[in-house]
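Chain lettering (A, B, C and D) follows the sequence in which the chains are written, and residue indices restart at 1 in each chain.
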């Protein structure tokens, strides 16, 4: 991956990726064959049984033009209890079923003595490059992505990111991390995005709006759609080892939107812009009714460094997605160029941007 | 169906069902074979292409312990654009995929030139009677329910209601309607519920709490679970021909919760209690960008009769579900008795209730 | 106060009032002079400095036709940091200023080295009996209500309840409590309401709808307004000693709506129906940034007894308000009769209610 | 006012101010005397009686650490019915009372035959420069601001902006407008902000982060607080002549947050960041119960140009506040420097910013 512009001044973790948050793993299953350019990405908040050891989480729906499933329960109960899946819009049902089936294998009493499981699946519309109507993603693909989960993972046109577009360019999976220093401790904030949003002319790298030049080049290349509506969506997943509760994590998720805005997004009407933040600092057990659960939480007044880290990590993750993605040709010969292919002179463009 | 107690004093429509709202149709596909006691119910707000002619809608999540899909977009955009499906918890993904595929058949440009479609699927957990882990519901079942949609439809242990339990008794599908008189016009409010909630001891019919007696009988019959937590959920769909916008329809949906409370529900922790209200008075076109859309709306100060009708219709629909449902034996010999079987003396019980 | 009908089967605390939750105190300042029939009621969650030791809290806006102040911050931060004030609609500003000034006296650095304070003031419209335009409530009255706070307090036509109407009858302040048994411990849930809502015909006591008879008597008495819209509002304050966080307390607050619905309310359009729940189990300190705060919380699956207690205590509190209130004549000779005056035969009416 | 950097590429209206939206007027009352550096700003959506002719509106609470009043009802009913007031945190109650009294003068039946009025008052904490505890703002000041409302109005350290700080510099009132071209028509979007937020090091002008240099200069000047938490708040008012309903206006308000983020805000914990958007395209009458109200609305798919205009106008309004504000010395000799005083070389700083 080309060296991407550096966002902000907070230090990154060793991987500059969401897996800098200990316990988090990410896996992909990529489908890249002619008109089928899609896939599944799975994020595991920890390596254990997520249903039995739930993870505190909060959600921010910046723009709800989206078909994600599982958010209602996260918003009510403040926990997630399945891996977090990313995929294309038409595959949400299939991937959700795969997550349910997978949870039942681990806990055969789910749906019997135990309650049912809340499968969390996010999506973006990759229909420009990918033949959505092929319904190519199967439950097996979802399981393969799960099995591939690791602290090291690819970015760009992989997994659920395979067919995604961003600012008229090739988008996809991006990740980054930032360290947040508080009087109590230094915490890690990691972001992973599925980036599939943005009008070409709006693209802004580290504050430099290079979009108009790129839009012109796209128009010249008749790759166009330069004037197309901001359609697509972005999913922003935020992990932290800071000890926060669900209410605080919702506040964290809101700040992902600040990072998103700085890349040039106006939260377009047709873009499902959704953020979810979770903490790995403690778990909420499925069975814990016999006693009080003691948790240690960060004082509200210490959240600012985490907010700043969230915004920076999110913006960096989007930029990383653009720089990691290779050009892809898919359905009906549609093509999305990598940023570095269309703009090998991006550094010069940034210098001269108004 | 046994004559059920009459709720409230507002007049009902001719069918006392949600299909009293002109254009609304309901269809079931019922699976009843040994351990498989489940199904799909489909509600069509109108007979046309819902994607091209969307329906204004609002949502109230009374208690979000639920796995429904499609709500995020309805809350943002204020319209629904697919049939409304009801099914068991593990079948949400499959039924959502069926709705997507069905929409694509009608509009082959969905996911290509047109955006993707937001499939709206609600669920309750029928795992006590039904073997959820059989994953018995297929896309074909969903399509069969769609094809069966009609203004006349069965209530009780049918469709998605086949395996549902309510107050420790057999629950399922119930419906009712009420007429709301305003200075402008008289409007119809229809309710359809998938009733799968309630502690036995809490059951309250028209204000008479007969639950304690029933709970005792259930305990004696070792059918028990009298002390079981309120788990299960209820989905409450409200239709009206009153001309309302999405914000007003959310207010309507909130009032379904008033009807629910009067049956004895405390909105139990494990019960996903969700209401959606839609209006058939006008449509929002998919393509309408070239001009302003003129709509005529009811003044806010005239909503009270509609609120009252909503609460009464919802309460009546729940009662109707209980009186319409036959006894069912399913997974592992689990059995849920019809209310009229366990309490043929329900009228006497109501008289003597404290 | 006349013996009121008993709601539900959960045991009440020793006072059957919100002050059964240890630490809670309530004080009134009542203005009753001709056309001025109004006042202020203050609820103190604990006896200490609320700004320095904040109280976890959650809010449910059942119907937001209301002018309360302070809710935005409670919803974001999950704590309250001032006494909770109840008053008439036009007095919100004055009472809020009194709370700010009072907090500054206690902590002179508020608005200097310390942040500002979030004054929490709820209101109902007592304009039928009270001359709102007299702006009779002063900051001094607010301070008098604060100074009067005690575990023993009057109910009915007192404090903020002085001029309130409920179901066409005299309403006002009501309170009740219920004990909630969980495997961990037995907790107390207390409710205090400012009841100023309801169409006469809808009044329902313990499930018996006696409203139509009362509405007829009101009409005969030309005291009328029997057909008036449900205008007014109800504020429902819920206290508990159960250790819950803000998210859980919001869930508690939602259940106050279930109790409200059972009295006959459809959450009328013009009725600001708002519930706030707080826990006395722990405090969130203003200054705590140096270390993590350890709190012990109840497991989510144990909330059901608290939900049931909340609904019952709220319904009982409303009923108690009606039975405690004396008849009041106010502005322009407007009169609201006590329930027991208009219906000394209320027990017979309940027996014969459909 | 110094020429400020130009944000974005959309054209501005003739005044580059919120009053480019026809009918909107803004008035100030400024208090500047020693330790009292504060005031009131009033925005009138139209020149008529706002209670009788309400204005559709939507709210986005980006960060709810704020004490504004009136939002609950706007969120429920989707209209505003009073002028929009801005002031300091401790003056909210007084200014709200002034608005109520003013509405009663215009409509003497408010609180009698008519419902009460929802006063809408926003606030920021100007306690660094202003002696909040002086409670200097009176009802008369609020009325003076109302009386001063005009299409031409001052920006910077005036009205409610008198004592506000922004990025450690002098903040206050800023305004801007942008034209949004849609296939139906070209609409105007205007923004007015009360800017009182931001860490000095985060200040970003048109994408160039010049904050670190300014923070160093502030530190050198011992004017300091460079490391102070982001405390304060920003109120963002958005006006448009586009015909939108309350749901759409909430979506508009959300986009104000995108503009805010681009100036360097991470929506700090202690910053009450609240946006309200309203449309002047039509009114909702207080009395309209006798017939349906016909309104013509913009199709959802045409919102993108308005979103872009909102983000740009908001960012520009914040920048304008910084460039318009003069240096102010207030309480205890506290001083906030104008940006142009601390950084007369701001253009060079922008060139060299990383």
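We adopt the following convention: a contact is a pair of C-beta atoms (placed from the backbone, for glycine too) under 8 Å apart; a residue touches a chain by one contact, two chains touch by 3 or more.
Since we're looking at a predicted model, the values are computed, not measured.
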Please identify which of B-C, A-C or C-D repeats the interface of A-D; the criterion is that more than half of the contact pairs agree.
B-C
Rotation angle (°) superposing Cα atoms of chain C on chain D, nearest 5
180
Report the inter-centroid distance (CA atoms only) between chain A and chain B in whole Å.
34
Between chain B and chain D, tell me the centre distance in angstrom, where each centre is the average of that chain's C-alpha atoms.
44
Any chance you could list the residues of chain A touching two or more other chains?
63, 76-77, 251, 270, 300-301
What residues on chain D touch chain C, complex-wise?
61, 63-73, 75-77, 89-90, 92-97, 100-101, 104, 108, 111-112, 115-116, 118-119, 125, 127, 132-133, 135, 231, 270, 272, 274
For a test of understanding, state which residues of chain C touch chain B in their complex under the given definition.
9, 62-63, 202, 204, 206-209, 212, 229-230, 251, 254-255, 257-259, 261-262, 265-270, 300-301, 303-304, 307-308, 310-311, 353-354
Under the stated contact criterion, what part of chain D meets chain B in this complex?
76-78, 183-184, 243, 245-247, 251, 284-285, 288-302
